[in-house]
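Listed below are the structures to be examined.
Look at the two complexes coming up: chain A is in both, with chain B in one and chain C in the other.
This part shows the complex of A and B:
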């Protein structure tokens, strides 16, 4: 049974049937999936969710599919880590890391949105799928399409990190590199979807695709023992994730699955591409598009499709925003790795660096529950970290030479030496 | 020649929101209709959703003229492409 009610314009509320539609005919506002929450009451419960599969599809009643899930059957349910080492470093009481760098099968939160989008593409009868991508989405579309037997086209900016390129090609998609930035790629994909009638997941399937991002928020609530963090810091690229995490929190509250603790959401962006945070800091609802220039390429979107709604939701929740320099991003990547054993890509470093700034500035109180959303894996972008570490010594295979290294380490502690035990 | 419709987002930045760019374009292209569906103007930026209707070449000329005036023109969905 599906609880999907209709597609509904986020601006004027006009309703449309469930179809591959992205905008309202009246005011060109984006349409969003609307549900019959009244019908869910008593049927969608903690127990019904907990008895579901150990994947994002345990929340299928809150997702826009009609039949059985067909794609991404093992995606989602990533770890929510109580990050005590990092909390101590940051001087906060209760800190969690929602770690989508461990998402399956392509190690980013995009496996959530693509699972829903491609299931919907199959329901609509599309035989070709595609995306405009900064890398992670291309990986996910290519991998999920391969498993689902769909033809895929992935369109990316021409200057993406090599790891991001190979990580898509291995799944056998048709890849096209576009001269320009992500916004140029996205603009072209809008035309491609229109001309070829393909399912471009983040263009003409966007209302369904974005709903998959809610599962990141649902999982945080469930994994915290059916309660919400008071403060959630979310990276902002195209603006999909933050409004959907907030929507997920509101849906959990509406259905009585968690108490309403007035959760606040915070936007994190790189200083080299921070149109949304800039608008938040200046007290504006509208953001000015920017030309991105940052090492955090997976979130380098200067004209985010849902940026307006990020600003809205941040303001409505009482949250705020912060942006981090490239140096701060790299330091935060290393800090997360050093304290919690999580290697995230620069986007994750951005989120942590911004969370630290929000804590330092007092925007996020140190004694309340904080969750940092990590959305991608650092093993995909090792290039940006290569200059960050001293050269490792090369020795002959002799114990005496190894002894010398140990002696040197004992004399000059380095990042590679064993950490002393943490004392309370 | 049949008329076409183009749904566009117009973004006015850097003082352009204080200039009558749309009026100038409407005056120069009286055969192209401008149907404003949504608009929001703030301190230093304005955004407007407009449905342009007219003969294909005239609509494209009008959109190009807006770009020349410093307005960023983006398609609301596929079918129109004018670099801003």
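This part shows the complex of A and C:
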């Protein structure tokens, strides 16, 4: 059984049946899944959720599927880390990291949206799935499609990091590299979805796909002991995640599963691609598209489809935005690694660097709960970190040579690590 | 003066233009071409433009693969053989 009511235009409210549909016929606004929250009362409870599987499907009553989950049965329920070392470094009281760099099976938040989109693709009877991607989505579509026995096409910008390319190819999709940036890929995919009867997850399955992103927010609330962080910093690329984390928080509040602490959401972008943050800072509702120039390629989307809603939700919640330079992004990647043992990709560095700026500027108070959303894994983008560390010593397999190294370490910290020297 | 700009219509918008995939139009700027399109199909016009005569924020307009917001927006000049695409915004990657 399902609590799904209909598809509904986010702008004019026109309702449509559950079908592969992207936009409203009346005003071209995006359609979104609407649920019957009244019918959920007393049925969707903390206990009902806690008795579900240890995956994002524990929230299936709040997801748009009709039958049983069929894809991504192990996806989600990633760690929420109480980041005390990092909190100390930043001078804040209570800091959490929601760590989707450990998501299963492809180590990014995209395993959430794809689990829902491909379950829906099977329900609709598609045999071919695809996506426009900056890398992470392609990994997830290719992996889940392989496991589900679906044919997949992944379309990516031609200049992605090698790890991002191999990480998709291994699953056997048809990969097409497009000359241009993500926004060019996106436009082409929109036309492909129009022409071929395929399930392009972020085009014609978009309303279902985006609902999967809510599970990132549901998990934060449940893992915090059924309460919400007061401040949540979310990376913004196409603008799917932030509005859905905010929607998840509002749904938990509506169902009485958490108290309403008026949670605020904050947008994080790279300086080289910050159309949404630029609009927030200028007090505009509409953003101006940009040509991306940043090392944070996974969030290099200059014309974010849901950017309008990001600006809207950030403002409505009382949040704000910040952008980080490439240098600040790399420093933040290293800071998260050396304080919490988490290796994120530049997108995650962006989020942390922006959280730090929002704390420094006083936008986020130091004595309230803060959650930083980490959405991707650094092992996919090792090239960007290559010049960040000192050369490691090479020695003969002799203890005497090793002793010399230990002696040197005692004198000078090595490997770029600012940690104090090891004491014997 | 230009002759024969090709307008590519996505599926979602085709019901408003008698199900045509492409439409030939004339005009020397995006504004003129879209103006001639929407005067032929007023239902599309109501949806494509706001009351302030701005393009619907959920539709992106491209001239030969470039978003007009990187060009001269509605004043972008067009010449014969140019392609103008209307593309609904889609989700991220």
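Note that in this section the second predicted complex is superposed on the first by the 414 of 424 C-alpha atoms of A that agree within 3 Å, B and C clash if a C-alpha of one lies under 4 Å from a C-alpha of the other, contacts with A are read in each partner's own complex, and residues count from 1 in each chain.
Criterion: a residue touches a chain if its C-beta (ideal position, glycine included) is under 8 Å from a C-beta of that chain, and two chains touch if they have at least 3 such contacts.
Only a predicted model underlies this, so the values are computations on that prediction, with no experimental measurement involved.
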Clash or fit, chain B versus chain C on superposed chain A: clash
First (chain B), second (chain C), both or neither touched by A:23: both
Partner chain(s) touched by A:284 [first = chain B, second = chain C, both, neither]: first
Contacts of A:108 with chain B and chain C, given as first, second, both or neither: neither
A:8 touches, of chain B and chain C: first, second, both or neither? neither
Which superposed partner A:239 touches (first chain B, second chain C, both, neither): second
Partner chain(s) touched by A:192 [first = chain B, second = chain C, both, neither]: first
Which of chain B and chain C A:131 touches, first, second, both or neither: second
Which partner reaches more residues of chain A (counting touched residues only), chain B or chain C: C
First, second, both or neither for A:274, with chain B first and chain C second: neither
Touching both chain C and chain B, counted on chain A across the two superposed complexes: 11, 22-23, 26-29, 187, 190-191, 194, 203, 286, 288-289, 303
Contact set on chain A toward chain C in their complex: 11, 22-23, 25-30, 131-138, 180, 182-187, 189-191, 194, 202-203, 206, 209-210, 237-240, 286, 288-289, 291, 298, 301, 303-306, 308
Touching residues on chain B, where the partner in the complex is chain A: 7, 9, 11, 13, 37-38, 40, 42-47, 49, 51, 72, 74-79, 81
Complex interface listing, chain C residues touching chain A: 8, 10-13, 15, 47, 56-60, 62, 65, 67, 69-70, 85, 87-93
Chain A residues within the chain B interface of the complex: 11, 22-23, 26-29, 187-188, 190-195, 203-204, 282, 284-289, 303
